[in-house]
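A, B, C and D label the chains in the order they appear, each numbered from 1.
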Amino acid sequence: MLKKTLRGVVPPMVTPLLNNDTLDVKGTERLVDHLLKGEVAGLFLLGTTGEGTNLSPVLRDELVSRVCSQVAGRVPVLVGVSDTDFSESLRLAKRAAELGASAVVAAAPFYFALGQMELVAYYTRLAERQPLPVFLYNMPSHVKVMLDIETVRVLARNPKIFGIKDSSANIAYFNNIRRIKNERASFSVFMGPDEALGEAVLLGADGGVCSGANLFPRLFVDLWRAAQACNIDRVRELQERVLRVDEAVYTMGRDATRYVKGLKCALNLMGFVTTR
Amino acid sequence: MLKKTLRGVVPPMVTPLLNNDTLDVKGTERLVDHLLKGEVAGLFLLGTTGEGTNLSPVLRDELVSRVCSQVAGRVPVLVGVSDTDFSESLRLAKRAAELGASAVVAAAPFYFALGQMELVAYYTRLAERQPLPVFLYNMPSHVKVMLDIETVRVLARNPKIFGIKDSSANIAYFNNIRRIKNERASFSVFMGPDEALGEAVLLGADGGVCSGANLFPRLFVDLWRAAQACNIDRVRELQERVLRVDEAVYTMGRDATRYVKGLKCALNLMGFVTTR
Amino acid sequence: MLKKTLRGVVPPMVTPLLNNDTLDVKGTERLVDHLLKGEVAGLFLLGTTGEGTNLSPVLRDELVSRVCSQVAGRVPVLVGVSDTDFSESLRLAKRAAELGASAVVAAAPFYFALGQMELVAYYTRLAERQPLPVFLYNMPSHVKVMLDIETVRVLARNPKIFGIKDSSANIAYFNNIRRIKNERASFSVFMGPDEALGEAVLLGADGGVCSGANLFPRLFVDLWRAAQACNIDRVRELQERVLRVDEAVYTMGRDATRYVKGLKCALNLMGFVTTR
Amino acid sequence: MLKKTLRGVVPPMVTPLLNNDTLDVKGTERLVDHLLKGEVAGLFLLGTTGEGTNLSPVLRDELVSRVCSQVAGRVPVLVGVSDTDFSESLRLAKRAAELGASAVVAAAPFYFALGQMELVAYYTRLAERQPLPVFLYNMPSHVKVMLDIETVRVLARNPKIFGIKDSSANIAYFNNIRRIKNERASFSVFMGPDEALGEAVLLGADGGVCSGANLFPRLFVDLWRAAQACNIDRVRELQERVLRVDEAVYTMGRDATRYVKGLKCALNLMGFVTTR
């Protein structure tokens, strides 16, 4: 269970696979080691980058179990429970709690696009019906709806809801969400896109859920620290490196899946995971 | 297993529930009876209207099992297997085959939006890796991508892929899809929106997957027959009735879920299902 | 001024140009002749196909003037006045009235996307402040908003607003718009996309604003007549020909401008217009 | 004509109107005075906030003429020439040059959505065929297309194209656009949304085209200066004030026009402009 405000770099961990139904156990261990050595503030399993929605419940459980064991409490483990089947979200959340995870992360249900009042009901129930604290996940490109600023503000009054990852890339929206910290300082506000970690933290955000940190965790941690220290020159320099990495890794092809493919390909070339 | 070209009205059956995790068994029986008495050409379980993506695997199995038993081969039972987890789609398809279902229906995976080549690969694998014939399901509002006309044309060459339901409501698209029947007459082309069943069939489509047929199956069957018989006056009259029903049932509220809510509310008022 | 309900095929006339600022006068004459020989029910100038929004006021006036002179009352001439500058819409409408045009056609303003109440105000003012009757034009792909069914219903009570062209291609929407004829039979409802002229008219629509009629007016007029006569076999046959034409002419490239380019290229190959 | 790299706060000036066709001359004078006293780096006339696309050519000319006279070279005046009629864009640009404007700003044509190659052609011609330097304007919500990063990179090699205003609010995009300054340092990169001026400038952007600066120019200029000086605490404090202003002024109603309405209403209450 989370003890304090989550801050820092929390990579949305890639899920190493041997094939569609088989975890790459060795690759997973190497990747977790790599990320912890990079001094990340936590691990986020089964997010978009982790292809959580595409994995079977059996695989989800195995991943959470293995990673929680390996991490052994050194950093919080957050588990993505986004699913169109609410009972699976609850099941996975409860299992994650038993396995030692610290929190769950949920994008809104994504087949039917919910209205704002339905989103409030959804997250409130998710918070009530399983033991872990809940991290909101705004992901309009995949889910088809934005969590309205007012919706997040209402949900942030729920003590079991402790933060939000915003992957909209909309900076006007993000800065308004960050203002919720004026009302509840402990509400964690995380930037989704790698490309804006530096400035988000400079202006007061808590951290980032940076896909690229799978490859170079230390680069992102250094950037976060530079931003925390208000070292602008260093932020500019490191943010530029992040932009170069992303350009190299994420821009192959046109499909929406290209960034996961790019990441997995790069991790394979770097020797962390097998080819799938 | 389907023996011949699917034609007629195939309602996307509402899933009666007592609560999120419990099937309304009596309601389901009454609804199946009601539909069969209405002389529908088949039943489509676990589609969008059937909230398939929102139900647990256990509930999915129970529904398919009970309905297949009750139908006992009188009409084909089609089972929606749309899921972001491919292993669940395969599992459900195999189970449906064992239980006596005739075919599976699949919208494209809906968290990541696939590219057209990825869609070809997805449906080809789905056809290969489970025993039942596959019905394509174009549902851009929920899935975020259209199946390109060329994509459908390529897939229609696969003998295990026997038809498509198009819920785009785009009539220019639909009429181009219908032209695939020029190349393969047995390829079933079904109209999604209730509001266009009549003209679709007049122009050569095979049928409709009409949500409103849950309420008034005979109205839609009569409309289909009138269109088959090229009785235009009757088509106009019945299509007008369909439009009035839809206006009454589907237009409460603004949320994307409103048509399912309206349908379930109406079915409840008509005494077929309980309130959930 | 329109004397009676507009019905039939009204091509959105291509604007033949020698260059960006010069009308192809000979080409325009040949094209008008070609269309009138095809027995069209009217001409619609300066629509989307006519590139109305892209032409200077001087060119717009010249085109309207020349075509009205040449047509000399044989069929109604409708003039597109869609513009983000309302004073230009009014100016052009007044000029068109002087030159003998029968009506104006207006898509909603297209830089700012208007809300539904703003759309009611816009069309009401347009009807009030210039002499010609107004034809609504629903064009969401270019304008970013749909005219809600309720908005059209309200506007249809205005005696100066006499009809609508729906280019959404959404057949559920179109069929609901057509129901407005139940309240006011003289309200003209026209199908935009070529691909659905036949069934629209079979079910009770008044006609089509068919781009392809620039090439083969008689094909579309024959289709309209077959639909009027409820000759389904003939509708199917002719609609199939329309689909083949459109596939050949409209599918080069990916840009939104491709259908105008395809049309102009085809008209050039057929000897009606010069190359631009 | 611009002499050096444009940097600082350049408000997109509201156009004070007595009615749809009449400039509020006194209001315009007061507003220009107010902005110049606020030490803005330039004025941008006839942008989205200035309702440029909605004004007649006569009004556009009058506004440019009066403002250029009043400003008398104290700061650069940029003139929006976005139009679907290319000849009007050229005419207005030439007139603006005669009247003493320093540059033109152009969003992409907005009725037909252009493809990326068409956008390159459009901006290249605009640069060639009129005397003033060109400022790109990325405005996907109104124009329906993004200027691809690669498109901007190509256009930035044209010496007559000297910068870009990005109103997408997409921070990942913006930061990639900013990288073009690595290749051409004098290419001005401006943030559109008020809400992100501070961080954009902290990270290396040149300035902002801030709507809210119509109300409180000095607030935005102070924010820009704080960011230039890397005074983070001050940036946070002033950015927070900007967010409060925007929340108060921009959030009335749901229509896309609401922010202009809010601005004009606020300017009226502050005594700068009359009610329209």
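Just so it is clear, a contact is a pair of C-beta atoms (placed from the backbone, for glycine too) under 8 Å apart; a residue touches a chain by one contact, two chains touch by 3 or more.
The structure presented is a predicted model; accordingly, all values stated were derived computationally and were not measured.
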For chain C, the least number of touch steps when starting out from chain B: 1
Chain located farthest away, centre of chain A as origin (C-alpha): C
Interface residue overlap between copies chain A and chain D, same or different (over half shared): same
Mean-CA-position distance for chain D and chain C (Å): 35
Centroid spacing, where centroids are CA-atom means, of chain B and chain D in whole angstrom: 50
Sites on chain C at which at least two other chains make contact: none
Pairwise chain contacts, counting only pairs that touch as defined: A-B, A-D, B-C, C-D
Sites on chain D touched by chain C in the complex: 20-21, 48, 53-57, 82, 84-88, 109-115, 118, 142, 144, 253-257, 260
Sites on chain D touched by chain A in the complex: 169-176, 179, 182, 193-196, 198-200, 202-204, 230, 232, 235-236, 239-240, 243, 247
